[in-house]
């Protein structure tokens, strides 16, 4: 749904990001696009595109062009702030997070972290699930008792070096 | 692979759990069972069974019986400490976690938390993914460039009450 | 009681909220309305309306229209900042809170948290009181020895999933 | 339901409490009593009795006698540790709490704290809801869409002194 | 001693307070008044008046009038920011405090807190000294070995509710 | 009131103190003495004696003798642990304190700290109230509306050195 | 060495200080003066003068005059912000400090704190070295193996009050 | 003054140190030796010897022999725990320290840290005072207005590498 | 690759640095220079030059001239903010760091810190690797299984003083 | 140099590790072996072997055999605690570390972290240096001005996934 939006650039989490970020969000709202719409247009996944909007992923020049076109913003305006000289300073906001959506993710580490670690070791040996070579996905799973969110992390297993 | 194991009950994270927990781990090692094996025997998922082993989930009497049988431990020994009078005091260990496996999960909140939240809202509206009515799953996905860990959270969407 | 008010938008907790928030408070003061008055006009409860004023709840377009009308503010001015593109980033201010009103609520968790948890488990089993599907209410209970505040949380019980 | 229980006195939150506390819990389990049962026997509310069990409230000699009788524990054993020389050192466990039941209470302060404060001030003026002269209550409210927990704080309003 | 003063409103602790606060301090300096002088004029104690200046206490309309008159500031200018719509968000600055004057007060809790608690319980029973119904006072006690500061808290004893 | 007491030496705050401390408390309870009683016997103030019991003040040999006599404990048993080789490692327990009695003292710094500092400077100039050369006192002030706790700090003013 | 300097007043630690502070530093650089030079001109020690520049010490009117003259700044400009109405809010910057010079001082407490405390008690008894009546000094001690910094604290011993 | 001492090895700061440490302190007390006495016997400075007693410095075999002889403890008993296989894990106790003696040292960093840094840079250039090649000294300076503690750090200046 | 860049000076970590820093980064991007290019031009190592850009190292006047020339910025503009009156206030950003590149460095201390310490002591004795007289280097090591980052710290060993 | 050693298993960092760890250290000291000696015998690098001793790396059965043989400890004793059922819970000790050797490593992140990140990005693009596929090495580099520690991290570069 298209609407006129004002993103206060001094509000969290925008205040820690380049100011063009607010403009991206305002353009996305003005054009009434979801991240899913944008992702299809650009040829990427919606979570990755959303990560770009929160300054957590880096687009290459072709991505930036496609984004600029999709949002009707001059490419140069985006490149000035998010171009090849810019590297994301990842991580956003204080921990533990206070927003309930974010906190439930954090709680998953508190409650299920040790169980997940134990099963990873049993299935793969001594190593980790990479959060760098990792794809993240959110889908909606209809359910008569209430729809469900299916959140998936698909990360490469990295065994510890021995030397 | 069966082996004789000693779980020092004053080591983290066991020190914060009922002492029977060490005995469960030692019996599991002695019988050479994985959480997957145990889960099949009991008729549950492996992550949920692992969560029980870390004191993060509560078995009912029938579950406890099945577990006791699978591990050759007297049911009463388990029930004394994990029986119906016991309620998990969930959450285990300091945050941020220092172990790299756990930290990478924590990092997923830092880096992708806002993107996940934004997509949940776009797909479902104002609400959260429940971490209470949530099923957690870890599978191994073979890949010629290196096997991948697929970690899935399947949680009910809960819309915020308005009143 | 109507009065001319100035809400400094860089004061806590307003500094972390969209600037229209200050305007809402100023209009409410100028018109001499309480949250109870506003809630009646809009057809909602006063705590929920107050939560909106602190950026902790999301109104749908009809709510925003009603609020705009009640406060004599153009709907579009509110929608620009709190419209459908906006999702609350809930949680407000540092913890532990320093204001005595807020601290006493925090203290209730410190002192009575374990007792409340134990009784919830005895009455409902293993699960939680939802803070998402929860209605919060404050009423005044006259008492000759000094009036009393009655604060009620009415939240859905959510049992833990077993899988 | 009566059962043989073992409360490991070095587990949290028991490790910070007098060791007789474990014995009280074990006796309560052995006799199959709920806090509601105990409260009726002693003539108190269940949350207050549960608070005693977590070392957060102080019984007078008559209360201790009644408790000892209800649990078949010699009064002197309880009085040695919880008698008139003992004063609760209230507060239990690290904050923010990690257990989801406790965390949801904590989250209520994060999300609804400012709204509650605002409405208290509008209804009562400048002052607080006492957490000392406060009665806490948990009841079960059946609901076809899922039973609800109703948690009530009934605390005296205390106006700030001016001098 | 009268002087021209400039209170930088972005310096701590003023930055967390309504901007009129700086004006109150500047007017007080310009007129060469101490808090004792102001307190006498207004008919209050100096610590309470100082608390108002630090945004920690709330004046009623008559107090604000008297203050405005004493400082030659238009009442309306003060009322806009500290009027009936404004409620103090008490607490000021990070803890532990770094300023030695404030730290020594904090240190009194570290060193003498348990002793004070023990004596309060022995003299009054289970309960607290209210910090809401409490009057604070600072006087100078001449002493040939060096003048002494006498700081007094006179707070109502509140016994814990039993229910 | 005399009673048999057991002070669990691994409970806070005793766990951080020499074990003789528990014995002192148990003897005091067995003999039914208050700190006021002990203070009169020894010729000191009750808060200072209580501070000794919490390991926060150092008695000289004559004080220790008097204390040993008052409690019927052999002097040598006390001197072994609290004798001339022992120096208090002052400070007791985590901050912010969770017990409401202690927290209210802490809150006095949060709410009235700046006001107290300002008035000290106005009355004495640039310097502090010493917490080393400071006498602390608690008295009961009867009041028909509820008895009051009067807590007094009488500390030497120390001006800042200029050099 | 004289130079044109610009002190960004929003950089740490200047951002927490009155803005005149930046002007003092700029004037000092412009005139090419060291703290030692300034101290000689004013008749004080260089560390104390440097403490004034960092808002950690309070000059009296005569000091301010001398400083204004030495720096060619109008006295009134300094007095407006650092005059008799101003009291230092001491303490500067987060702890532990991250700058290696500051951290090494902090490390001295971590590593040698207990040793220093033990020797002070052996030489003086129960009490402290005052940081209020304390003179701090830095001198350069030439050494063929590398010059040495000699940092001296000369503070009054304060014995604990007994009462 | 010789005395029989008992150092509870589970008291802070001894609990984090090898248990032989308690024996060293007890022997020192039994023989009535100060750190100054011990230092003279061993041919070292008293602060360095005290640092050894708090596990913050490492003696070579000859030092250990001399210490063992001075305290009438078998060398082998000390070498087993503090011998050549042992390396101090320096740093002792939580920060900020709560004991007033330690806190005043910490406060010196808060209040005078920036001034000390500025003067070191002016006198030496860009670099630090080493806390590794540093000698620490405490002396008593008699003064009719009250004896003074003179605490000196004599540390090598280390310029930053440029490469 | 040359590009027009805008570095928002209120973004982290630039917000804590002199504003000229943003200009340096913008000029470097405009001229399409890497730190390696700049380092060769100036005759320094690239990590040291990058440290200068992040305000963590201090250039002497000749370095500043060379930098100004390499970037086509007037020397005086740089000297005003980074000249001889300026001393780095080292340390940048909150810890633990959230960006994955920085966090992996931090993790190396968590996981390998004790092993590195043990080997340093075995090879060198009691002392440290200086981080002041230390050269840091990053090189790219091609590898068919994926290129590798080789990060080297070459720091002087400093033995602890004994005195 | 061979010696009889006693490693107190309740001292940090051993207290958080399986108790066999103390036995490994004691055997290593008794046999007078360095980590370099052990590494050669086992066919591994010394830092990796030291990491095993601090519970930060996992040996396979063949490694454990070799270690047991080198230390004259029965293999089964080691396998019981560090065998195939055991997975390191990596991370050791509080942060920031207080020991100067560890702190200097931590300081390298504070001071050079951003510079290292910038150069990694310039040389490799958007990604990280893996701390999982990373080899760590410490060597001694003789230098007439004082020997130098050369610490090297050789970690695989991991580019961020785009999806």
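Chains here go by letter, A, B, C, D, E, F, G, H, I and J, matching the order in which they are written, and residues are numbered from 1 within each.
Just so it is clear, a contact is a pair of C-beta atoms (placed from the backbone, for glycine too) under 8 Å apart; a residue touches a chain by one contact, two chains touch by 3 or more.
Quantities reported herein were computed from a predicted structural model and do not represent experimental measurements.
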Least step count from subunit C to subunit J, where 1 means the two chains touch: 2
Shared chain contacts [subunit C and subunit I, defined touch]: A, B
Third chains touching both subunit E and subunit C: D, F
Contact-pair overlap exceeding half with C-E, pair selected from F-H, F-G or G-J: F-H
Of all other chains, the one whose Cα centre sits farthest from subunit A: F
Chain centre separation in whole Å, for subunit G relative to subunit C (CA means): 47
Intercentroid distance (Cα basis), subunit G paired with subunit B, Å: 54
Centre-to-centre distance between subunit E and subunit B (centres being mean Cα positions), rounded to whole Å: 51
Numbers and ranges of subunit D residues touching at least 2 other chains: 13, 48, 88, 90-92, 96-100, 107, 110-111, 117-118, 121, 128, 130-132, 134, 158
Every chain pair in contact, whichever chains are involved: A-B, A-C, A-D, A-I, A-J, B-C, B-D, B-I, B-J, C-D, C-E, C-F, D-E, D-F, E-F, E-G, E-H, F-G, F-H, G-H, G-I, G-J, H-I, H-J, I-J
Contact set on subunit G toward subunit J in their complex: 96, 98, 100, 103, 107, 110-111
Residues on subunit H engaged by subunit J in the complex (per definition of touch): 15-19, 76, 79-81, 83-86, 88-92, 131-132
Parts of subunit J lying in touch with subunit A, wherever the complex brings them together: 44-45, 48, 57-58, 87-88, 117-118, 121, 126-128, 130, 132-135, 158-163
Complex interface listing, subunit G residues touching subunit H: 13, 34-36, 46-48, 50-51, 53-54, 56, 90-93, 95-97, 99-102, 104-124, 128-131, 134, 136, 138, 140-141, 143, 145-158
Contacting residues of subunit E [partner subunit G, same complex]: 1, 3-6, 8, 10-13, 25, 28-29, 97-100
